[in-house]
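When the chains are written out, they are named A, B, C, D and E in that same order, and each has its own residue count from 1.
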Amino acid sequence: MLEAENLETGYGPMQILWGITIKAEKQSITTIIGPNGAGKTTILRAIMGMIQPWNGKITYDGDDVTMLPPHKKVERGLSMVLEGRHLFGGMTVKENLILGAYTKQARERLDDSLEIVYTLFPILKERSTQKAGTLSGGQQQMLAIARALMTRPKLIMLDEPSQGLAPIVVEQVMDTLKKLREELEITILLVEQNVLVSYHTADYTYIIENGQVVKEGEPSECIDIQEIRKAYLGV
Amino acid sequence: KQPAPTPTPESKPAPEATPSPEAKVPEKIVIGGTLSLSGKYANEGQMSLWGIQAALKWLNDVNGGIDIGGKKVKVEFKYYDDEAKKETVQSLYDRLITVDKVDVLLAPYSSGLTLAAAPIADKNGKVYMSHGGASDRIFEQGYTYVVQTLSPASKYQTGALDMVKAIDPTAKRVAFVYEDSEFSKAVFKGAKEYAEQLGFEVVFDKTYPRNPTDLTPLLSEMKAAEPDIILGGGHFADGQLLATQLAELKINAKLVSIIVAPALPKFYDALGVKAEGIVGPGQWEVGVKYSPEAAKAKGIEYFGPTQDEFMQYFKEVAGEDKTPSYHAAEAGAAILAIAKAIENAQSTDSDAIRNAFNNLHMITFFGEFKIDPTTGKQLGHEMVLFQWQGGKKVIIWPPEAATGEPYYPIPTWEEKEQGKMATK
Amino acid sequence: MKKYIQPLLPVLTLYIVLLGAGLSIPGLWQPIAFIMFYVVLGQALNMFLGMTGYVDFGYVAFLGLGAYGMALAFSLFTDDGLGSGIIVVGFLMAVIFSILLSMAVGAIALRLRGAYFAIATIGVSEGFKYLIEGARLWGGSEGIIISSQLRDSFGSEMANYLSTFASDILIFAIGILAAILTVYTLHTRAGYALMALREDEDAAKVMGVNVTKYKVMAFGMSAVFAGLIGASAWTLKLTYVFPEDVFNIIYTVEAIVIVMLGGAGTLAGPVVGGLIYGILRYYLATVLPGFQLLVVAPLLVLIVTVFPDGVVGYIKRKLKGSRFSKYVI
Amino acid sequence: MVFFEQLAGNLLYGIILGAVYGLATMGLSQIFGVLKIVNVGHGAFIMVGAYVAYWMFVLYSVNPILSIPVALVIGLALGLGIFYIVIRRLIGAPELASLLATFGIGIFIEEVAKFFWGPDHRGFSWNIGQVDFGITLIPNTKLLAFFSSVIIALILYMLFQRTRIGAAIRAVVEDREGAMVCGIDVSRIYAMSFGIGIAMTVIGGILLTLFIPVGINPYMGGEYTLKAFVIAVLGGLGSPWGAFIGGFIFGLLENGSYTILGLIPGVEPFSLTRFVAFSALLVILLVKPTGLMGGE
Amino acid sequence: MVLLKLEKVTKRFGGLVAVNEVSLEIKHGDSIGIVGPNGSGKTTLFNLISGVYMPDEGRIFLEDQDITELPAFKRAPLGIARSFQIPRPFRSATVRENVAVGAMFGAHGEKMSVDEAMSIADHYIDLVGLGDKRLELADKLTAVEKKLLELARALAMKPKLLLLDEVVAGMNPNDVDKIVSLIKKIKEEEKIAAVAMVEHVIPAVMKFAERVMVMNEGKKMVEGATMEVLKMKEVAEVYFGTSQTIGESGDARG
């Protein structure tokens, strides 16, 4: 579905990614994990076209999309939940959602999409006329995810969606993602610090360090769950 | 407060017609000044430049230059663009004096800029000729070397009053409606005093701020005052606006006299038939009767090109389709006055020139030149009154200068809408 | 001490070079005074704009009031036998006027943010202009001319000297003072408070920064310098004050342009910006009278597209981490 | 009685003037809203509009209303040209950098106009009668200016509030990156906003010329830049229809306060009307710090 | 001894009651965790304590001083410091300058000189592990580094009461562990009287807090010893979800 080959990029003169190759198979859930500052966000941004790749190639659905601007990718069914939410703070929740369905194909299915996200996050329906900027941190995160779903993606990239969400909501989100994958045949590429979530959700995992892939495989192959538990919970 | 008395070198004897042996005859004489070629006075600046160039054409090409010690010395004009900004003038005048070594300075346009560069001129002891600083106040500051060519602001609207008084004793009610600016206030202060002196009743005296967009509030109030004559104006844009809105609100009066704006041909172009009958004061107009013959009749020396010559040179420098406004004429006349003063002084020494100005009494195409020796203020020059008649400016006042009869009372706006012209 | 001197060095050197050139090369004094007006104007505005991030479009009101302060001193006290003390009184009045206005504006407008503040202050300067004209305050639209008072108080020669030399020296002094004060402030708590409130006012508050106090302080300081410039570069130098001239928003715009040309918030920025702007305008006006703006304008646009952070901002970035970085702040 | 009649007449003119002011400001507000650019060269584009109306009328006898499409085309071309040559490079630069750029652009346009057309104050006369409102006479040209302003403002309102493009523009204003991931072509929105903003301003120039068909000169815009700033803020920056409403208020204050101020002795009431209008700005901002229609 | 006392504090936004009559006492030595569903009012509570918002009702006391009406900048010198959930660094300043501002205007007193503030800043920058980014512009930091910066800035203020709003969110598990240990250590060493922590990363709360308050829909739901509260069924219902409870195995998601 999506393949980034040998991706290199950075900010200004500073190179961050040093030849990243990752793949997301159709209808799979792929996670990218790694320490802070490893370049995970940068990978997603480069794939989306929000920063120019210096080198390498991105293929999506069989086409070379390396140089396509973000909006063209959205039109082709690629969508992203940005780290830090990037909502339209002065607009209402509903307006944010409607803007999510900006492309032609998304607009045609607007009502259907609204229903999906409202079922997923009932609070958004309740608060549909509240300004997005005044939502609580977690509510904003929900809205960001919902807005990305509104684009009716074939492939959705999520940058730390669980950040700031109550556990109950994280769980719901993950369940929904799985459901969406089944029902709508969506491919999911997930950057997630919450390794436990990654572990339980992913089909395939990449571990990134210093802008390079250091390990990949099924979660059970590359994540030592006991280790994590120890580190995380001191058990 | 009384102005400080000026220590003019009045007591010195008038210079001889022959140069003293040690005075060297210069190679050329340079007059320098700044013009507002950009910015809010760009219109006046451009006109002035053309006027100056026309005057120089006569001075150098026809007259051969200035006669000093029997030798004809050519005159040059060195100018910079001051953009009508007060910060620039001092540095540019300083440059004119120290780098370009000019002999005499032509002041910038407008009273403010003239004041701004005055200290530089005064400090360097250069004669500083005002061709566009109309404010009377400039000459009350005690500067030694300022000299004025044009009539001061207080005289702009007195002609219209004189004329009405002479031809229509029944017209009593005068309204003033003018720009709230230094220049216009000076004009209408003078006019008001004069009107009261002549026995007019000032029924309305109000200003509008610079760059107005809509004068309705003011004009509808004025309409209620039922004036017989309306005197007003300020600069170009507001003058055009004033006339336009008088028309829109159908405010009729026996006479409408507007300062500055009607003097330019563009005034008529813009307003068309609405401009008919509108009167304006001018420092000068095409057709004024200042000729060598008239001078001879008065027993005053004539200097410079005739009006026709000036017009011809003007068209040579500005283009065939251009007619000089009074701004062009006053700048050109200023150059001629400087030239004459230098010739009389037989020297480029500032004190000698300044002194020569005191004794200079002449007529040019622009009119009489004679200054008040103490202040340098112009006394000899007379303003004229012109009227748009059938698409042409006709000088209607004073009678000595007039080229036509005043059309009085002017046609009403309703009549003008029917296409009536201010012609008999 | 060193940390104060190092960044001041380039600025002071420039000043000394300009001063020296002006004094020794004939015909250069007035052009340099002209350029200095822009340099110091930029410096004064930068004290507020650069430090707080607030843009004050009504900035010219302070220059105008300063100019009126000096002019009023002359028109009120010429006959009181103050001698040259009258200039001191004039400057005092200029300072008091600017401080009073800055406090009034500060109390009202500093609560506004961003462009709202910027443009509310246009209301102040334009409002003031039309109040003077409309209410016929201080001579109304006819303004105040002090040439004759200057002459009465000091005699012709001294008056000319004041207008053509002493007032320019004062501008130099104001500039140097502004530079020193800026450097000093930047290195004090106040400097950091200003930085914090410029970047994020709410976060600054939570960290204990009394944002109102520091904003008003910077505003007042910048206003005082503007008042001094108005009193010196306009009233003393040009000898008259017309409201339409001294409340003209173009000076605010020019000041912002100068600050941005050099780099906002940097010490040398306004100096360099003022130099570029002043020199461009002056020399092109002498070479291409009437057409200079056709060249100046595209040049300004070109400079800003090449150096969006300003020339000094650019240099500062290039020097970052090098041993010269201490000299450019 | 005369007092109230005059007041009513002045207010009537104030409304008409206000509509024209409003339209002449919408472009400024639009450009600020989307690109955070303070267009100090705003007045230059008004001037361009005025000249378009003038030349179309003088050379081809086209009445100014029919010049509006021409102005639209010229404005768009000018706006897009400037955007791609200059403004595009300044996106992401400090906000005030673009102020410097628009300052330069404004001067350049003025000087070019002066170079080609000279510094003269031009004007034209288009008489199509007037309506007698009893309290005052209003020329039909002014009524036309009023109605065109209102209609154009309504069209723009529809464009912004009701269309996808409008929503996209607002989204870009709120969060660039957020807009990108919604599939909005951000750079196109920037270009369009600038282009439309300039076109609106040029059209504003045409309508101003309908209101006052005289005094057209290269430097005429300066005055309107200032007023436009104030009006834009009055209405709430970035809200073009706020600007339109702000225009009304400004026009009403400017014209309406005259009659009342005229009662004060020893003053210049007309100059004071501007004092009132500018002070009103401060008062309104005190009550509502983000303008009438401004958001947070 | 009571450090901070909230008495029936209420904050409304229009019709929404974001914080509803919450009373709470934080004592010297406390390490308190605040949890609750999204939008339950945790951040708003912090905003009320730090003075970003003024309460509509109720009173706030700091060591017996009524600070209800005190503006934010006057609370900081009294010893209240906080981090922002969504980091708000001074973007164009360096990391060092950012932290130094905290030192200068926090509770060290007016006398703090710039140089002193810089060395204090360096100390805390090293402590949170941003040492090699000291001279970097804050804008260039990653999301997590910005959170660490928030922490360092708050610490540099020498608070008595430190309010941490989701500082470990988005951190890698190893780092979460490290940071929580660090905060504990700093609390001891720097003699911070009390720390209140809002987190959705429950392991961090479990590890850090001795006491937990659960908020729901603006109200205080329960308050008590950490493990006891987290195991409560009501809490699980509104917060963890029915399928999950905190088990001894620690396999909690979140």
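By our rule, a residue touches a chain if its C-beta (ideal position, glycine included) is under 8 Å from a C-beta of that chain, and two chains touch if they have at least 3 such contacts.
Predicted model, so just to flag it, every value in this text is computed and none were measured.
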Both chain B and chain E are touched by which chains? C
What's the chain with its C-alpha centre farthest out from chain D? E
Between chain B and chain C, what is the separation of their C-alpha centroids in Å? 36
Quick one: chain C and chain E, Cα centre-to-centre, how many Å? 44
How far is the middle of chain A from the middle of chain E, if each middle is the mean of its Cα atoms, in Å? 28
Would you pick out the residues of chain A that each touch at least 2 other chains? none
Which parts of chain B, given as residue numbers and ranges, touch two or more other chains? 38, 45, 180, 207, 209
Listing for chain D: what residues touch at least two other chains? 111, 222, 268-271, 273-274
Following the definition at the start, I'd like every touching pair of chains, please. A-D, A-E, B-C, B-D, C-D, C-E
Inside the complex, what are the residues of chain A that reach chain D? 48, 50, 69-71, 74-75, 79-82, 85-91, 95, 98-100, 102-103, 106-107, 131, 133, 147-148, 151
Chain D-touching residues of chain B, taken from the complex the two chains share: 38-40, 42-43, 45-46, 180, 206-209, 211-214, 216-218, 220-221, 224, 236-238, 240-241, 243-244, 248-250, 261, 264, 266-267, 269-274, 417
So in the complex, the part of chain E that touches chain C is made up of which residues? 50-52, 71-77, 81-82, 84, 88-93, 97, 100-102, 104-107, 112-114, 117, 135, 153, 157
Along chain E, where are the residues that touch chain A in the complex? 13, 35-44, 85-86, 140, 142-145, 166, 169-177, 200, 202-203, 206-207, 238-241, 243-244, 249-254
So in the complex, which bits of chain D are touching chain B? 2, 6, 9-10, 13, 17, 111, 114, 118-125, 127, 130, 136-139, 142, 208, 211-220, 222-223, 254-255, 258-259, 262, 268-271, 273-274
